[in-house]
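The next part holds the structures, each set out as structure tokens.
Two complexes are shown next, each including subunit A; its partner changes from subunit B in the first to subunit C in the second.
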Partner chain A sequence: MSASSRRAFLKGALGGAGGLAAAAASLTPLARTGAAADLTLEKLLQPHYLRLTQEELARVLARIEAEVRERHGVRAEVSDHKALPGVEFAFALDVDQCVGCRRCVHACAVENNSSRAPEIQYIRVLELPEGSLDLEEGDHHYAPESLPRAGRTYLPIQCQQCANPPCVGACPVGATWQEPDGVTVIDYDWCIGCRLCMAACPYWARRFNFAPPAVPSSALHPRMDYLTNRPRSAGVVEKCHFCLHRTRAGLQPACVEACPNGARKFGNVLDPDGELAWILARKSVFVLKPELGTLPRFYYYAGAERARAAAAPPRLDGE
Partner chain B sequence: MRSARSKDDAATGSRSGGAAPGGWRGYLFGAGFLGLAVWFALGPDLAGLPDLRGAEVAEPVPLGSLPRAVLVGPEGATINGFLRPCSDCHRLFRPRAADPAPRPLQHEDVVLEHGDVVACRGCHLEPGHDLLRLKDGTVLPFAESLRHCLGCHEEVREDWEHGLHGRADGCWDARFGAVRRLACLECHDPHAPRLPVMDAVRPLPGPRTLRLGEPRAARLEGGR
Partner chain C sequence: MMRDTLRFLGRAFVLSFAGGGRYRAWMFALTAAALLGVNACARQWALGLATTGLSDQVTWGIYIAGFALAVGTACAAALLALPLFFRRGSDLLDLALLGAALAVSCVLAAAGFVIADTGRPDRVLHLLVELPGHVLALGVFLLLILHVWGSLVYCAYLRRRPGRALYLPFALLAVLGAFCAQSAASFLYVGLGGRAFWEEPLGAPRFVAAACAAAPAVLLLTLLAGGLPSAAGAARERALRLVRALLAAALWADLLLCAGALLLEFLGRAAPRSSTAYLYFGLDGRAALAPWIWSALALKALAAVVLCSRVAARPRVLALACGAGLAGVLLEEAFGRITPAFVPSPLGEVVEYAPTLNEALVCLGVLAGGLLAYSILVRITAAVSAGRLTRDLPPVVSCEKSGGPS
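Here is the complex of A and B:
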């Protein structure tokens, strides 16, 4: 063996080792997020939710139950509620009734096992000057002694469950899709954490787990669904899903249940006798950013407008 | 350093007959990669993640219904520790017609702020006060106060009947289970119904999420 070939070999080995070291080291920021910590081979090889067979799904649900038991010492019940036929969920919110108390925000976090540190909240409440809908004017951090403040309007914003969702088209791997009942969901095990959906969402509705979500075991909500409130891991996106584990079983979403004023109305928009049909037919309903063509299923309305109009009839004098 | 490299370059070049003049660059790339690796491993946090190890896990916020004031009194008044039906006194004592809002000792907790209704007999049937009287003359017991309220408040009736006004407990559709709409007096004080009990509620803590960050100076305050 000549000196030159040995030299070439050494050169190649050195280069190769350097390259490998560089490749490994470049992944260290990823390891720091903890995303790799709970990645098992089983999870890695798991098919997409929509392609799971019955047996595979049962195995996956059992695996999640075991993970929860191991991590939290809580006996969770992980199920998979399917969409109800003839149901399309929609939401309506009376901006006249909302006082901005944030009970929906925290009820949602508790119900959905959202991370408490760092805090992940699906609902944000904006305090706006009365009569304004300029979201840029809004303040998320209002903290007065008592609510509501005079001259302010409160506008809770969460996933609008668009009929034409830009986030679904943005996902490169099909980890988020629209269910038959109109709710856009995420397969947390399929999400690669690229956050393109977050960039595509015009409503700031999606949240990313930068760190492993921290939920106190004592506060863990044990009734879980695969697509909704089961524990997430670092590096995946999550968002409001209209509490499908509750609503597909007939219950109201947690935010509706928590609202002390009844400002939130939830139901089947296809039901001609339902609340939603009544609101859409009789009230002045608006959606956020209609010009984008996202067709939100989250409607806002001013419930007290008739009473207001009676108190101060519109002035018709003058052009 | 430079001279060593050029010598190496020249040596490689001469040996391989000038076919690979940049052979020394292999070492350079290797060294570069190694340097990068060291920098990745020891250098700054490239993911730009905030250090969350010290962040405390917030205590779960107690939820549930807000404490609502006792709005609907017993059907009568407690006098000297005994609950007496209204008629016990009001058979004999009638509020004077000229007195718009009488507040005798027995009823000093009653504040009457009910729009056009400025006297007790706007709703309470005289004599006796044990019954309610609608403006069209219909007489109702206290237990049917809901009908009594909706008798005047036409504008709310439709909304309430369709589940819009006020909150509902239970399921979102009656085919899954019970739906219970709260009655008027579960939120409103019949004597001063203008403001529901939700007036002056303290907000739960605001967001400390990564996306919304820490509170900035309230722009609303500055702008006005």
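Here is the complex of A and C:
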């Protein structure tokens, strides 16, 4: 080996080693936070929720329970309530009764183990000039001394559980779908976090876990469902699911229970004697952005008589 | 045969590391930028997309913009360059090879942008499970172009005339595939209802025009940087003229369509849509995107005018005009195509977006990675077609004047 080729070889080896070292050094953030350690082969190979066998599902639920116990020291019960036959859930909201207190917003976060810091809220309440439904006129961050303010209408908006949901069609991996009882759900373990569904949603109902969600262990709600309020990870999308872990067990959603004025009505729209059927038959209900053809299952109505007396029908959002 | 191929690959590998000072400096800079990007990406994966400027309101930013532009540029490169193969006896085959190299590297960059954008990159394989057809089609497109490029380069290495059946059918298929992918990419967002900004009749043609400007701009810069020393004299002049004409035409088409869209928006409607008004003039006193879009348009207009004037005969002016055009395209795609659709939000909230440093570094890294692949492919193409890399000769790597695109 000549001196010059030896020098070339040494230079090459040195360059290569330096390059590899730089490449390894560039990856240190992953090692430092232990983000990679959380990945197990079992999780990587876990199939889509709808393709899980009974045994696989039981194993997954047990794994989630173990993770909650390890991370929070809380003995959680993770179940998987299935849709009941003959049930289609719907929501009705009396705009005249809503005072904009946002109790529903916070009850929802508590019920659903949503991240507190950064805060993730499924419900956004808009303060609008009375009689207007032009969303671009809405104030998202109203904070007056006392509520409600005169001359204002309050409009809480959450997932509208569309019968024709644009988000479901947009998801490239089928991680979000409509259940037989009409509620669109998300498999948090299948979502790749591309946020196409968020771009497709005309109601801004979906939220993304930009950072690892933080819920204080003391505030953790231990009754959990796979598709609803079990702890989520960073990098996945979530949204309102009509509290399926409660409603499929015969309870009301947390936001309905929290509302001090009874503005929120929830139920099975297929039950002819139910409250929802009564409201839909007797009130002039409206939905948001009907022109998009999304067919929301979330109805708004003006319950007070004065609204009925007002000559002008509700003005719908123009966009 | 097998041994020849392996030897070719080995020599090509060595060649991609060795070169003149300019080439090595260029490759070193690209590697450093790519590693900075990897580091930023690792930080993002560890801490979440909170490291970006994205929010629940503005869920897509420069990653998705980069993805769309990379797909568009790959398709444009294939659509514009591969047809050069169809003409018998053309002296522009090298240019076609350059176009193929650009298409391949842009597909790689597009994949990089997708992975950077997902919140759970560890689950990116779910795409393969759920959309095997799409992933397969993308892979086949990549392989087709790689095959065309590889078979021609390898034949030149063996100093053998390639049979037309070896590459022409594949080039034709790749052009068809590029046409389909270009159409799909340009209409990618149109289907997302509820975002008025994307319900824009001229949106898709404007995207195609921008992509068709980006591809020749990169090719022109490569030629000017001496990336193809083989194409000397008349052939080089012809290649330069062709690419310059393509770039000018695409830029003018882009500007014309943009003018049409602006007229339609601000004069043809009772009131402009909120997102468009926000993009160009701001909304509620907030106008983070307006400076970008106006600089982009100004750069494009400047490039378009200069490219059609006589001063562009001077290589330095031509390179500057080309750089301005490319910068204009990059700026408009980064800030004017995706993000404005999210402002205001569907509930009327105005939340602005600006990329963070980490986000910009990730983009820089992906671009550098794509350029690394491109530079290596260009270097091999140039060496083979100049006869410096053949089966019979050991590669001459030390002292020739050469460089990548700069």
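In this text, the second predicted complex is superposed on the first by the 267 of 319 C-alpha atoms of A that agree within 3 Å, B and C clash if a C-alpha of one lies under 4 Å from a C-alpha of the other, contacts with A are read in each partner's own complex, and residues count from 1 in each chain.
One rule holds in what follows: a contact is a pair of C-beta atoms (placed from the backbone, for glycine too) under 8 Å apart; a residue touches a chain by one contact, two chains touch by 3 or more.
These numbers were taken from a predicted model, which means no experiment stands behind them.
Student: Applying the touch criterion given at the start, work out whether A:L10 contacts subunit B, subunit C, both or neither, answering first, second, both or neither.
Tutor: After superposition on chain A, A:L10 lies in contact with neither partner.
Student: Which holds for A:G267: it touches subunit B only (first), subunit C only (second), both, or neither?
Tutor: So A:G267 only meets subunit B here.
Student: Which partner does A:W204 contact after superposing on A: first (subunit B), second (subunit C), both, neither?
Tutor: So A:W204 meets both subunit B and subunit C here.
Student: According to the contact criterion defined above, which of subunit B and subunit C contacts more residues of subunit A?
Tutor: B
Student: Determine, under the contact definition given at the top, whether A:A62 touches first (subunit B), second (subunit C), both, or neither.
Tutor: After superposing on A, A:A62 lies clear of both subunit B and subunit C.
Student: Given the touch rule stated above, what does A:L295 touch, subunit B (first), subunit C (second), both, or neither?
Tutor: neither
Student: Is A:L44 touching the first partner subunit B, the second partner subunit C, both, or neither of them?
Tutor: Only subunit C is touched by A:L44; subunit B is not.
Student: Based on the superposed arrangement, let me know which partner A:C101 touches: subunit B (first), subunit C (second), both, or neither?
Tutor: first
Student: Look at A:L126 in the shared chain and tell me whether it touches subunit B only, subunit C only, both, or neither; answer first, second, both or neither.
Tutor: second
Student: State which residues of subunit A lie in both footprints, the one left by subunit B and the one left by subunit C.
Tutor: In subunit A, residues 15, 19, 22, 25-26, 28-30, 32-33, 118, 124, 137, 140, 204, 207, 210-211 are touched by subunit B and also by subunit C.
Student: Give the list of subunit C residues in touch with subunit A in this complex.
Tutor: Touching subunit A from subunit C are residues 17, 31, 35-36, 38-39, 42-43, 45-50, 52, 54-57, 59-60, 114, 117-120, 122-124, 126-127, 129-131, 189, 192-196, 273-274, 341-342, 344-349.
Student: Contact residues on subunit A for subunit B in the complex?
Tutor: 4, 11, 14-15, 17-19, 21-22, 24-26, 28-30, 32-33, 94, 99-103, 105-107, 110, 116-121, 124, 127, 129, 137, 139-147, 152, 204, 207, 210-211, 214-216, 218-219, 247, 249-252, 256-262, 265-268, 271, 274-275, 278-279, 282, 303, 306-307, 310
Student: Across the complex, what residues on subunit A touch subunit C?
Tutor: Contacts found on subunit A: 12, 15, 19, 22-23, 25-30, 32-33, 35, 39, 44, 48, 118, 124, 126, 134-138, 140, 157, 166, 170, 172-175, 190-196, 198-204, 206-212, 233-237, 289, 292, 294, 319.
Student: Which stretch or stretches of subunit B touch subunit A in the complex?
Tutor: Counting only subunit B, the residues touching subunit A are 15-16, 23, 26-27, 29-31, 33-34, 36-38, 40-41, 45-47, 49-50, 52, 55-61, 63, 65-66, 155, 158-159, 162-173, 175-177, 182, 196, 198, 200-212, 214-216, 218-220, 223-224.
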